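A short worksheet on the structure shown next.
Letters A, B and C mark the chains in the order given here, with residues in each chain numbered from 1 onward.
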Amino acid sequence: MLYPRWMWPAFSAPAVLWLLAFFVVPFYSILAVAMGSVDPILQQPQPAWNPADWDPNAFTFVFDNLFYGGGIFQKVFARTIAYVAIAVVLSLVIAYPVAYYIARHAGRWKTLLLVGLVAPFFISYLMRMLAWINLLQEDGWVNEVLVWTGILDEPRNWLDGRASSVVLGLVYGYVPFMILPLYAFLDRVDPRVLEAARDLGASRFNAFRLVTLPLSTPAILAGVVIIALPMFGDYYTPDLLSASPNTTMIGNQINFYLRGGQLVPVGAALVCVLMAMLLILLAYYLFATARAARRLAE
Amino acid sequence: MTRLRRWLANPWGRPRFLPLVTLLYMAWAIVPVLIAIRFSFNEGRSRSTAQGWSFRWYWEDPENSVWTDPDLRTALYQSLKLAGLAMAIAVPLGAALAVGITRWRGRAAKPANALALSTLITPEIVMGTALFLVFVHLFTFIELGTVAQLIGHVTFSIAFVLLIVRGRLLSIGRVYEEAAMDLGAPRLQAVRMVLLPLLWPSILASFIIVFAISMDDFVISAFLSSGGSTDTVPVRLYSNARATATPALNALASLTLGLTIVAAGVIFLAWRAVRRRRGVTASAVDELARLGA
Amino acid sequence: MDRRDFLRRGAGTTLGLSGLGALLAACGSQTGAPAPEAGPPPATTPGGETAATTAAATTAEATSAEGELPFPLARPDSPVTLPIFDDNPPIDSGLEPEAGPLKIYNWIDYIWKRKVKDFGKEFGVEVELSSFYTMDEAIAKLATGQTDYDVFFPTPDRMSRLAYGKLLRPLNLDYIPNLANMWPVFSNPFYDQGARYSVPYTIYTTGIAYRRDKVKTDPFELANGYEILWDPAYKGKAFVLDDSREALAMVLLKNGVTDINTEDPALIEMAKQDLISLIDLVNVKYGIEDYTKIPEGSAWVHQGWSGDMLAGSWYLPEGTKPDVLGYWYPPEGGGVIGNDLIAVLAGGKNPVLAHHFLNFMLDETNAYENMINFNGYQPPLTSLSAESLIADGFIPENLAAAAVRQEDFENAYLLLELSPDGQTLWQNAWAEFKAGV
């Protein structure tokens, strides 16, 4: 050992302590609030820090409305999952060709295109969303273009609370975060592997299907996870693009219960349930990547 | 039909629909933003009809421009302040963590790594709620507002720094330090004189990323804001978009974008200078894009 | 844990039995054994809703018998004098104002910023303006005890909570002689006898804001003006207020129920179902930005507040005439009416300055200018009458229904504080509406 034993733990300690204090402890506080009560005057949550005082009623309420047909949260969870699933698939359909092209065929345009890829990271999500909303307005440019080209007969009210607008908004907001990991991966794929496949007579499509795509499974899964998880917590996209009860996502419902009033514990319990769901998703991701790695190794 | 088939079967042909998809995507991603920037220079009050050009919404309007409306001005200050402070705290913490975790062979290294990365997969609304509740009910000595927001921003930034710096560390290995120590350099000096310069590019990249994600953050800033004077630009964008939406909103967003680009540009140039000195020739943007992922 | 156990424990602690607890306790029992005698209304969903109704029905009796709520519910026929606590006394008379900065916590876009600046100039201090969207959100933030706002704009229904929770500082009316400019009723309102904690800011009604150039039926010609929101012709352009009390109260009134503070689960269930019917019928949306949505034309019918429409002309796009704005309030009276207040916060560092600010806003000129130049909401000045506002042209003909008269208060309905169980009922009904279909 070149360095004393304490040295590397000492390097890690500040950040680890920081995360314990401001990430782990706060997580526990959600649970304590969900298991706690509210004071009767100002209706502020009284967290139950001691598990002996836990009162699972908020969870009972959430589960009742989640697992019985027609409950408040069942619809919203189902809708959220559907929106996220569609948005993720659409994102992948857009992100993969773009990442693939830039990584492998862009040639001298590569730097410029990369700037275009990175740019959304430097533009606030809300600014991009607002820009998009402006175009979607009834007298906005989207309608003008669609009417002018004859695709639509008359301007359509895109912001009247339709699911398609919310899903497209999600795709618009999150797709850059999927392209980048895909690009980083595809750029690393050794071109010689593909050349070998083609030398062996595989058509371009087959080379892609049999070589590139399987190789990029881990990157695709990573991209899916990177955008799906934040989408589950999104509440501002449906708020801005729709504000209709028909597009309420779980984030909106959490926000509603958390923003004061006496039902804050219900909001906290919803957060716990959402997190549990995401952890299951994540466990599947880890399992799937491990499986993909095993397959590649074979 | 046969031509199509032949084209598809040709292993060396160039795919044609790919450039089209890429171009459409770029237009879709960038054009709305350009249009939004254009409306920040609108003479009139509309955010969707072009009405001349002016700096009315930047500073000329006596009540409602970014400069003259105290709400908008303080939002810009608040965003810059948070981003600057978040860089100053998160990058050292995250870089040290990266070095520590990569070199540390102990049993605790893996959990520490998992802990740091789990912030990445936590939806913002969850982290925002958690921090809000903990500041209000447990760490009551930390008041909502700038300090609370800063803590939130640092917390979600650490993982990004960790990823970027660790990527670099793994690619350089530990031969240089070992060589330095073989030549008699004391341990800490080996870290300072050898490791740190090697890590500079990733540290600069971390600065850019932390600045950008801090400027972009909405949910955590909103949950931890103490109201008015600690609202950041995204919080203002969100609340004003639903209420008094004038082109001043576009001006505010454009200014934020401009400042982010300037900050990123300065850091980027510094980085390129460092790379030049060492004779790296690969595209810097390319490397940045890969670091970001 | 069974329900009885929960009740006992709830009573044993100082926390008492919150509405949430009551509701949830019953949920627990309901899952254990699906009670066949469930709710009084048709049990439409087996989930929380039936549970909610049974819960409220059973526990409401228990709790009201014990008088468990730690503060009185103010009603016009049972006025409340809010206590002044020894550890939260009013300030002495004749003190010098502090150096500021004065921190004001107000609803979004609810004061003319010029007036705030004027106050700062007059007293030589900085003034910071912060805003909130809902009263719940505002109280949650104030209750953290981590803010130091000086001035707050509460609603009457929350006055008991705020005073008993010691968030507000009792007023020393010596600093506020301008209270005499306001309608006398506000020197001794039922929710705060003797104006110990609050002075009036504005008065308003809740009705329907609409675009006169877009709607085909004049709501004044309908037998029931509220029906215009249920007209499928305005699909995608219809909004209700994003406020559980306002939206559900409107549905109650539409259906002829005038007790808009009801805690009867059957009535709330009915209102909820009728509200939910709006989703399929007109794809209803929710928001509180009627003052921009109607002028912009992104909404054609929007449940709205009278003051918002008077402020609406400021938000008209260039080239749109102000006479396109319309506001309907039941012409014979009997709608929702309300007033907003200004109060001084106990956590502020500038109590004297805050008192001066209250007095400043009650000044005849300031209150009037605040209304006509930006806010649109009418201050209850005795010198101001609906007729004079219309005659002066500030309230145009097309918005005449937005003027508020003192006699309107006699046959209109106020939204008042509910018991915890009642609140839970209303809040969950609203959450269910918001969950969509």
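Of note:
Following the convention adopted for this analysis, a contact is a pair of C-beta atoms (placed from the backbone, for glycine too) under 8 Å apart; a residue touches a chain by one contact, two chains touch by 3 or more.
None of the values given here were measured: they were computed from a predicted structure.
In this structure, the chain pairs B-C and A-C differ in their number of contacting C-beta pairs, and the larger number is found at A-C. Set against the C-alpha centre of subunit C, every other chain centre is closer than that of B. Comparing per-chain C-alpha centres with the mean over every protein C-alpha atom, the closest match is chain A. In terms of their C-alpha centroids, the spacing between subunit A and subunit B amounts to 17 Å.
Distance from the subunit B centre to the subunit C centre is 40 Å, each centre being the mean of its Cα atoms.
One finds 36 Å separating the Cα centroids of subunit A and subunit C. Shared interface positions of subunit B, defined as residues touching 2 or more other chains, are 49, 242. Contact with two or more other chains is made by residues 137 of subunit A.
Multi-chain contact residues of subunit C, defined as those touching 2 or more other chains: 141, 144, 287.
Subunit A meets subunit B in the complex at residues 2-4, 7-16, 18-20, 22-27, 29-30, 32-33, 45, 47, 49, 94, 97-98, 100-102, 105-106, 110-111, 113-128, 130-135, 137, 139-141, 172, 175-176, 180-181, 183-185, 187, 198-199, 201-205, 207, 225, 229-230, 232-236, 239-240, 251, 254-255, 258, 267-268, 271, 274-275, 278, 282. Residues of subunit B touching subunit A in their complex: 8-15, 17-19, 21-22, 25-26, 28-30, 32-33, 35-36, 39, 47-49, 93-94, 96-97, 99-101, 103-106, 108-109, 112, 115-116, 118-119, 121-127, 129-131, 133-134, 137-138, 151-152, 154-155, 158, 162, 177-178, 181, 187, 209, 212-213, 215-216, 218-219, 233-234, 237-238, 241-242, 249-250, 253, 256-257, 260-261, 264, 283, 285-286, 288-290, 292-293.
For subunit B in complex with subunit C, the touching residues are 44-46, 49, 51, 63, 69-71, 135-136, 140, 143-145, 226-229, 231, 239, 242-245. Contact residues of subunit A toward subunit C in the complex are 37-44, 46, 55-58, 60-61, 64-65, 68-76, 79, 137-138, 157, 159-161, 242-248, 252-253, 256-257, 259-266. Within the complex, the subunit C residues that touch subunit A are 1, 6, 10, 13, 15-16, 18-21, 23-25, 27-28, 30-31, 44-49, 51, 68-71, 134-141, 143-144, 161, 164-165, 167, 235-237, 242, 276, 279, 283-287, 297-298, 420, 423-424, 427-428, 431-437.
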